[in-house]
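Both complexes shown next keep chain A, but they swap its partner, so chain B is in the first and chain C is in the second.
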Partner chain A sequence: MTSPIDARDLPTRRRTGVWVAVVIATVMVAFVAVLATRPSAADRQAESPLLGRPAPALIGTAVDGSKVDVSSLRGKFVLVNFFATWCVPCLQEHPELVRFAQRHQASGDATVVGVVFNDSMSSVRKYVSDKGVIWPVVSDPGGNIAFDYGVRGPPESFLIDRAGNVVSKIIGTVRADALDRLISQAKARGL
Partner chain B sequence: MSAVLGSGAVVLGLVASLLGIVTIGFGLRRRDTRLLSAGRTYAWVVLAAALMATGAMELALLRHDFTLKYVADNGSRSTPLLFTTTGMWSALEGSILLWALVLSGYLTVMVRHFRDRVADPLVGWATLTVFVVSAFFFGLMAGPANPFRLVSGATPSDGPGPNPLLQNHPLVAFHPPLLYLGYVGFTIPFAFAVAALVTGRLGEGWLVETRRWTLFAWGFLTLGIVLGAWWSYEVLGWGGYWAWDPVENASFIPWLTATAYVHSVMVQERRGMLRIWNLSLLLATFSLTILGTFLTRSGVLDSVHAFTESTIGPLILGFFGLIVAVSIVLIGWRADRLRSPGTIDSPASREGAFLANNVLFAAFAFIVLLGTVFPLLAEAINGDRISVGGPYFNRMTGPVGFTLLFLMAIAPALPWRKASGELLSKRLIWPAWSAAGVVALCALAGLRGFVPLLAFALGGFAGGAAVRQLVLSARRQGWRGLVGRANGGMIVHLGVVLVAVAFAASHAYAHSKEFTLRPGQSAELAGHHVTYLDTRTEQQRNKTSISARVRVDGGKVYAPALQRFPFATQAIGSPSVKTGWRDDVYLTLVSAPDATTGETTAVIGVLIQPMMMWLWLGGGLMGVGTFLAAWPGRRRRLPTAPASEPVQELAGVRS
Partner chain C sequence: MTRLRLSWLGALAVLVVALTIGSHGAGKPETPTRRAMRLAADFRCPTCRDLSAAQSDAETAKTMRARILDLVRQGRTDRAIRAEIVSRYGSDILLKPPASGVAGLVWALPVAAFVVAVAGLGFAFRRWRSRSTRSPTDDDRRLVEAALR
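So, the complex of A and B:
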């Protein structure tokens, strides 16, 4: 060191440097801790009074005119997906729903039931035929089903276990991989 | 075949990196030149491994080797050659491979560049640092992000192809590689910063060594970001080019800190000040690139560009933590040696302006970082799900941007140390007239609104200052007046002015509307006339596209389209743009006529985006300016070797 260092203020400066380093280090540790403990965006689940309880009845007429009753699907995991054709995140999550449905189509251990949220039947029919929706889509004219499930705005999805209880509620777009994880977690808990 | 070759290459790269670390580590410890020189040869092995792995991946993609999971997920027999090739970086594992390839390229160039200085511990430590980074990325590929994993079960006969958005524009071939050249390029200055801190050689010598490396990385990052904006404009169909999306921000935050560094390093070179700050900026820039990698690849944030989830998140976060920890410990340890020999004499001086510039860039970076991670922080604290959008970023960064534009006009006119009022008024009179002229012209042209006019005025001011500087130096030195750091920097400034002005114009004066039109029907928006002619359906090898033919302003016919790829349920809109100096007419096909219902009307989205061409030109000019700035200018004097440099070590070093 050939630099002329002013001996008087060296100790204080050095301490300042250390303090600043300690403060920054603390902030960074907290930051990394927060990031490390964040669940994946796709795994984030919402609170709902329905969790762990029997799913509200979901009986209705599908877009193709057939009758749908979710209680007849006992023995399978059912993803009840509230959607609308005007909702952009619903369009975004659609490929993931397709992937999820296709994965489980062969084994038959899980299925999707779509529920129309505040939308016209004509645009839903077009959506179903355009996008190749392979699961039943139930119309919900008075919004009664959405009310029973406490849905505020689409997309919201509920995973119902084999015994007909609500396992989890997902607000926002779903991902096929995350749904599979939820199912295997539920299976691990013996549901 | 590819799997064996590729996996072998990945392991080879990992082993060579680790051997490099160990050999150089021992060499440094024992001061053994032979070991140091043996260690650096591993760089070539790493490069060979990366090339082999890349070759194996490309071969597998081109030969549709669906035994590889990556190819089965991202390749398809019907995808055109170009997009099959770019398939290498269209998903997570391949993008890590591209990262490793670029890094090994930089590593070998660095080793070759400093081949005469093998014995220098500074170079040794820097090489070691780069080996650590490369070991990490090869390690990711050898472990959780293995691009050469085989499919489980039967080999599929065909795959879905890359994400549809990544196979309809040739920019996909340029944007990611350039962005990575930028991102990864910061590894070299980072390595030298670490090396300088470890060896205690905190003089200015290493800054000069890495100046050009930083400039190149910065230039590539700039071009990568601008091309990304262009790609998003041409492909995504929403008519915008920047959405403050987490992934965009992840590239923009290191750009901001690097920009701050490129400026403040000059203060250090000239005056020996701001050393802790400069080192921190370099360390922060590199850490932020890794943080960006974490945010985009771990799935913690919702984003249109985020890669599908994977398990590499915790590893990258751990690496980020390691880098930050090493940086903080090193700086804390060396803080006493980093004291500045001088102080800033007057705020109205070049160094004062650079300091202000740095505070602003740091604030800018902080605002963007905060907005990006805020949803995560808020959720951690009280469980709320919040999304932070464009309004926050625009409102918060706007004033910072304006102040930076203002500084950009003033700073080139300020002398080092202290400015007198007289000198300033003499130097600023020309730029001030240019600002006034611009505003007068805009007002005459009927443009209104405080914010855009302020942006134009400041643009005129800063542009005037840059042009004045260039004219003066060109008059003095001829063509050489356009190269070198200061002059190249002024050209970059002109590019920034164009970008800023275009940004302001497109935010203030864009018009958009959707029209439902029958064939032959016309509509008008902001002085542009569009006529819908008809729709055509075209069956191509890898997609079906329905395009609407639209005549714009009675001239050429444009064809915005909806494209449907097999395996993808959603139709992808591909916009068609009439580009002009004044504005772009951006057409999208929102909904096509439906043959089954006999409906003949089409919904055409029309967006008039002013001055978009200026934005791309500005980006290009920034690239050109960076290149000119890296060109050796007229050396006025030797780089300063301030008092803190240990003289005895340097004597043997400088060639």
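So, the complex of A and C:
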């Protein structure tokens, strides 16, 4: 049985309850919509102040002793890949990098440059010979190249267009197909 | 003015002067290394979660400290050095987010939430008070009488 006082309060309480439910439902729907419309983790590109700007200079000595200067690679897309031999995701992405490099080796329209992130050169030399790395791997003893690119931890990759500007930053493992899509998109934009 | 008041005023003056000198390091010029460390304390260590670049021993933090020191020695201002680092890592490398733009929400939202919470509590208290002072109707009295019979 409902008392007269309860009966008087009921409409106000019901209204408040309905409003609270509407607000909670709206927040939840917005949350689900945001998550559903985000790109998948594999294709996600990171924010970076470097995007659209000239790539920081990358001049160094490769593990085989040769000199590397990324600015001499103008005219082709360059994937600058920061990696370390102690980094498990770096090992996981390696076959994808090989696939990407091999796919573009004949046409010569894109290439990979590896940069060692906080690792010993002996480990890197062994890695390069064991894994058959076919691209130059630059040592970065003071971490200055990583600093210039704003790298927080490997693997991180930067796609540089033919004019030498940073097109994309990828945090985490890369996939050859996703990289090709990025290059196609960049070409479609006339980069 | 009495002697007692004068002595209180004198003590207050001494306190103000001491605090002023203490807070400005007695006018001692800041060395480049100290300035670099002070600036490094404003940035996150790139590879750690909760440490500043001044506190961490990670290689990335050491590199950041060395680069800040270079910039200090080049005669750059604090603002220019902060801008240089943010231009590479983005504004989330700052331990204190900027108080403008979208990042400013970090400061604005807690204040807004506090205001809304206080307003909500005030509204609720008012409703409870008005409800408690509500006088019973004839129906209420009849119900109570019936229950007590």
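Details
Assume the second predicted complex is superposed on the first by the 155 of 191 C-alpha atoms of A that agree within 3 Å, B and C clash if a C-alpha of one lies under 4 Å from a C-alpha of the other, contacts with A are read in each partner's own complex, and residues count from 1 in each chain.
Here is the rule we use: contacts are C-beta pairs under 8 Å (C-beta built on N, C-alpha and C of every residue); 3 or more make two chains touch, one makes a residue touch a chain.
Remember, predicted model here, so these are calculated numbers, not experimental data.
Of the two partner chains placed by the overlay, neither chain B nor chain C lies in contact with A:Leu191.
In the superposed pair of complexes, A:Ala62 makes contact with neither chain B nor chain C. When the shared chain is aligned, chain C comes close enough to touch A:Gly153, but chain B does not. Counting residues of chain A touched by each partner, chain B versus chain C, the larger count belongs to B. Contacts of A:Cys87 after superposition on the shared chain: neither chain B nor chain C is touched. By the touch criterion defined above, A:Ser48 reaches chain C but does not reach chain B. In the superposition on chain A, contact is made by A:Asn144 with chain C only, not with chain B.
Shared interface residues of chain A, touching chain B in one complex and chain C in the other, are 3-5. Contact residues of chain B toward chain A in the complex are 276, 294, 298-302, 306, 308-309, 313-314, 317, 320-321, 324-325, 328-329, 331-332, 335-339, 341, 373, 376-377, 379-380, 385, 568-570, 594, 642-647. Put simply, chain C touches chain A in their complex at residues 46-47, 59-60, 62-64, 66-67, 86-90, 93, 131, 137, 139-140, 143. Remark: chain A residues 1-5, 10, 13-14, 17-18, 21-22, 24-25, 28, 31-32, 34-42, 44, 91, 94-95, 98, 126, 131-132, 171-173, 175, 177-178 touch chain B in the complex. Taken together, the chain A residues at the contact with chain C in this complex read 3-5, 9, 47-50, 56, 118, 142-144, 146-153.
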